[in-house]
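Next come two complexes built around subunit A: one with subunit B, the other with subunit C.
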Partner chain A sequence: MQKVWKLFMKGFIFCFLLLLGLTVIMPVLLLMSGSLMDTWELKGYLSAVFTDGESFIGWRLIPEFPTFANYGKLLFETPQFFVLFWNSMKLVCGILAGQLFIAVPAAWAFAVYQVKGSRVLFALYVVLMLLPFQVTMLSSYLILNELLLLNTHKAIILPAVFSTFPVFLSYGGFRSIPPQLLEAARIDGAGELTIFLRLGLPLGKSGLLSAVVLGFLEYWNMMEQPMTFLEDKSLWPLSLYLPEITWAQAGHAFSASVITLIPAVFVFVLGQDYLEQGIIYSGLKE
Partner chain B sequence: MPLSKSLPFIWRNNRESIMLKRKRKFFCLFMLPSFLGIAIFVLLPFMDVVKRSFTTAITGQFNGVKNYQTIFHNQAFRLAVGNTLKFTLVCIPLLVFIGFVIALFLSRIKSREMMKSIYLFPLAMPTATIVIVWKMIFYRQGFLNMILTKMGEWTHLWSEVHIDYLGSSAAFWVLVGSYIWKNTGYTVILWLAGLMGIPSELLEAARVDGAGRWQRIRYIVLPNLKGSLYTIVILSFLNSFKIYREAYLTTGAYPDKSIYLLQHLFNNWFTNLEFDKMAAAAVCTGGFLMAVILVLQALWDKNEI
Partner chain C sequence: MKSQKMKKLLIGFAVFMVFMLACTLVSKSIYAYSLPMVSTIVPESKYVEHIVETEGIIVAGGEKPVTCLPGLRIDSIQVHVGDRVEEGDVLFRIDMEDLEQLIGEKREEISKVSLNIDTILENQEIAQQKRDLELARAREDYDITARLKDTEVGRAAENYVQAEKDVQENGGDEELRDALQSAAYGEADAKAERDEAVKQAGRRVEDALLPDTAASDLEMARLEMADLQDSLNALQKIKEGEGVAAAPSGGVVTEIFIGVGDRVPDTAVLLISDESLPCQLKVTITKDQKKYISLGDQVSVKLVGKSKELEATIDYLAESKSVPEGFAALINLPENTGVPGVEGIISRSEPGEKYKLCIPPTALYKKDDRYYVYVLKEREGILGEEYYVEEVNVKVLDQNDNWAAIEEGALDQESRIITSSTKEVSKGDVVRWEQ
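Moving on to the complex of A and B:
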């Protein structure tokens, strides 16, 4: 009897979690279905939103007349969309590449060479990591203005390259390397740079990859920085363009959203293990 | 004889100091690019901001703590600080609790991987793609009101519902909801990592000693999760500032009073070039956050010993 009860409880918990999970991913289903509808169908469902009447919005998760027209229009007739897509790509890749060159050695220094003062410096890095953009907004603006970088992509990439979040994540990966191993390499006569390149990077790669995965998701979604430092709309990333699309072009909005979502989903699916690892590393204390 | 005995000692001591020097050299070498960049892009300009917080915006004359006085008497600043505090104080306990309950359930079932992905997924969704969905749900004729009206018809408890969630004080709760929606995933991961880290022998021993399920949670599971709690609170705090994206995209630069956050205020001051106020507010906010982080860290260190 107890066994049956236990099984029942398990099933109940499973169903509960699944139901909760379904509501969590509901927005994606709405986006996907919306992107496959033709203009008339969308108008029919959404008209309630613009009129002040008493009727409610309608929806079908499977469109009545599914069509790829929205995608076709977006991909073949809207060249601006490509410009923005590449802007986003350029920003994200620039930032991630820069971070690998700057943050990874710093993380290695923190993890391997503990000297006097390194703890204080580490505490400073943690505080910098936790300061929100708005607090450093004015200081970033002042320096970017000074360096004549405003309204260029460098204004977004350079400050982000020196973010301390990837330092923290890579540090987590490097800390998991046993110090005896590095000591043994030293005794065998390996130089410090060789140890970093040949031992550190391959063994600590989970930290690096988690920094890349979390970084991609974060910067693909970046809004505050481009909004503040880029005036020229042709330099904008996708994340700022999407909200500008009006209801009248709902089909366009849905398909553009789905396409914006694709790279993020791609990285999410490929890097899920590293994403989880990264979340756990970000919780490590020194 | 004594010489030869002390020789290895001197030799070792010398070797240690060489090692230390070497260590210091390589620490600086690996650290340098990152530290230089941070100095140029964050530390030095922030000092400039501190200086500016004591001067007037246009002429740059020294005017003492006047900027600070101005912002503390400023209605918008007070409103924004109040709302931001309220938002964090509501969201973080709620998120921590919901994450814990889900993680506890998840730790019981075997097919955990798929569920974890589902809960993590919102983290990957760019805010801009979600805004259109939020509008469809929370507009006056949107899905939420439709469901509420249907429920009203069904139970005969209330008539049709036509609330504009984004344009009224309900907007605060919309933001709370979307924060929870987005951040539950990583909270669950962190709680799960903590739960899995508790040695099962400990729980087994307690079970043998006759501790019930709740007792085990209260006396073994919870005390072992203090570290996870610290982490989760810090990260949730960090992410609570990013809710500005949702707020800005759904309701613009001047939203309903209930969700006018510090981030809106900073942005609007920036647009109006009120740099003196911005500088003073940045110094205050930065100082406050630093104090909170250090206090939390100190509390945590004390508990650990």
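Moving on to the complex of A and C:
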């Protein structure tokens, strides 16, 4: 009897979790099915949007008339999409490269060298990390204007390069390296640069890669910074493309969303393991 | 195992990026190919002159009818409308068999009328004898009546005289006076009776003297005879001419009213242009053209086949009966110029005002009562600077075949007006500019 009850509970929990999982993944499923629907089918389902909410939106997970026309139009007839796609790539790669170059040595310094005031400075870093973009937007705008960087990609890349969040994440990874190991290396005659390159980076790569994955996901989807600092549409990232699409092109919007999702999924899957570790490090007590 | 998975993921990501790169190139080329290529002009300052040019046809200044003896049957017609004929040219031929038959019929009719005349003459002679006899008898009756009645009057007068004498002799006896009275009445009655009888006898004499009605019948028969004879002579003449109807004068056949096999009507068989009058060029002008052409205006006339242009005036201008909303104009050509049926072109240039903004009419579009143009504009798009089409409503001040004058305001001299496109364009379309 107890066995049956256990089995029942197991099944119940499985079903409950499956339901929760399906609920979580439902937006992606809707996105996928919407991208395979033709204009007329979508219009039928979304007509409630245009009738002042007098009725409810209907939906089918499996389209009645599946078509790849939306993808065909997006991939072969819409160069605007690719302009923004490569803008996004340029911005994200530039930001991540800059962060690796600036934030990683900074995190190494905070983690390894105990100089006077470093803890205060690190605390200030954390405070800066907590500040939302809206708080720093005006000051950033004024500075970028003075530096004649507005309406250029540098206006997005440079502030992000000096973001404190990757410092915070990498710091956790570097802190997990035992100080005795570093001391032993010094005794063996290794220089500080060698220790950083040969010991610090390999041992703290989980924190670095988690910073890269999280940074990619954040900057791939950023909207406020480009909307504020970029005037020319030709400089916009992909995240600003979807609002440009009208409701009449709903299928186009769904397919664009799916394509936009792919690089983020790749990066997430590639760095999934490191992401978990990096988050664990960031939670470690000093 | 884990690194193997990572490797596959990295390869997959690389393939995705290469695919995106390829799609970038393909989509750009497809997009560029699909964009309409437009060419533009900027408005120019121009004089908008109006040139009215229209074709017409030369018509005869007057027409002469060609007639023939009515009732004859047409055997063949040798001319068509528009043919030029000279005097004596064969116009049509009469059916000779039918003509022979008609001549026979005429002769028969003449014989009948001739017999009729003879009969009338004979009857007249008999009637004359009768009338003479009646006249003699009437006169005789008149004389006898006059004589008898005079006698009766004389007797009555005598009775009256006797009665008067008796009264005078025998006094005023009542009976005698009555007798005198009666005698007086008797004399008066006798006189009245005599006058009446003489009058009646005189009238009978007058009646006998009246002319005979047969005389007018004879006259009519003779007239009919003369007519028939004339007709016969005419038929004989046609027969002698072997049934040929020739043109009485030179000209162009303008209208034919009969067909082969028809009987000749008593009206005109066909019409020939009157060459003694100058020809006219007949043109039809539209309502729009009418704005720039009026009665008495000088126009240039170019006739087909003639190298030299003529200067002439519009001599007649009125609403056309055959063309709705059209106007018919006539231009008298100089003497001995033009042949009816030949085409001609008239042209007139009306100098217009100078306008600051003029565009070709091909760049101007009309929907209902609204005129608009497509203007090329520039904007910042995702692909960078891009050209797009904007629809601008305009007011047309004047227009000819080459230029349309536009009111200032909606456009300026910098506006790039789209004049042609490789594809149909509409408001908001992104296009390529052929500079």
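Basically, the second predicted complex is superposed on the first by the 269 of 286 C-alpha atoms of A that agree within 3 Å, B and C clash if a C-alpha of one lies under 4 Å from a C-alpha of the other, contacts with A are read in each partner's own complex, and residues count from 1 in each chain.
Following the convention adopted for this analysis, contacts are C-beta pairs under 8 Å (C-beta built on N, C-alpha and C of every residue); 3 or more make two chains touch, one makes a residue touch a chain.
What you are looking at is a predicted structure, and each value in this text was computed from that prediction instead of being measured.
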Clash or fit, subunit B versus subunit C on superposed subunit A: fit
Which of the two partners, first being subunit B and second being subunit C, lies in contact with A:Lys233: first, second, both, or neither? second
Classify the contacts of A:Val120 with the two partner chains as first (subunit B alone), second (subunit C alone), both, or neither. neither
Check whether A:Ile262 is in contact with subunit B, with subunit C, with both or with neither, and answer first, second, both or neither. second
Which chain makes contact with more of the residues of subunit A, subunit B or else subunit C? B
So, A:Leu270: does it touch subunit B (first), subunit C (second), both, or neither? second
Please indicate which partner A:Gln80 is in contact with in the superposed arrangement: first for subunit B, second for subunit C, both, or neither. second
Please work out whether A:Val4 is in contact with subunit B alone, subunit C alone, both, or neither, and reply first, second, both or neither. neither
Who does A:Leu130 touch here: subunit B (first), subunit C (second), both, or neither? first
Minimum Cα separation, subunit B versus subunit C, post-superposition (Å)? 16
Share the list of subunit A residues that count as touching for subunit B in one structure and for subunit C in the other. 241, 267
Please output the residues of subunit C touching subunit A within their complex, sorted ascending. 2, 6, 9-10, 12-13, 16, 20, 23-24, 26-28, 30-31, 34, 380-384
Help me check something: in the complex, which residues belonging to subunit A touch subunit C? 75-86, 231-234, 236, 241, 244, 262-263, 266-267, 269-270, 273
Can you list the residues on subunit B that touch subunit A in the complex? 20, 22-24, 26-31, 33-35, 37-38, 40-42, 44-46, 48-49, 52, 102, 105-106, 108-109, 111, 115-133, 135-136, 139, 141-143, 145-146, 149, 160, 162, 181, 184, 186, 189-190, 193, 227-228, 230-232, 234-235, 237-238, 241-242, 244-245, 248-249, 262-263, 266-267, 270, 275, 278-279, 282, 285-286, 289-290, 293, 297, 300
For the subunit A and subunit B complex, residues of the former touching the latter: 10, 13-14, 16-18, 20-21, 24-25, 27-28, 30-31, 34, 46, 48-49, 51, 53-57, 59, 101-103, 105-106, 108-110, 112-115, 118, 121, 123, 126-143, 158-159, 161-162, 164, 167, 192, 196, 217, 220-221, 223-224, 227-228, 238-243, 250, 253-254, 257-258, 260-261, 264-265, 267-268, 272, 275-276, 279-280, 282-283, 285
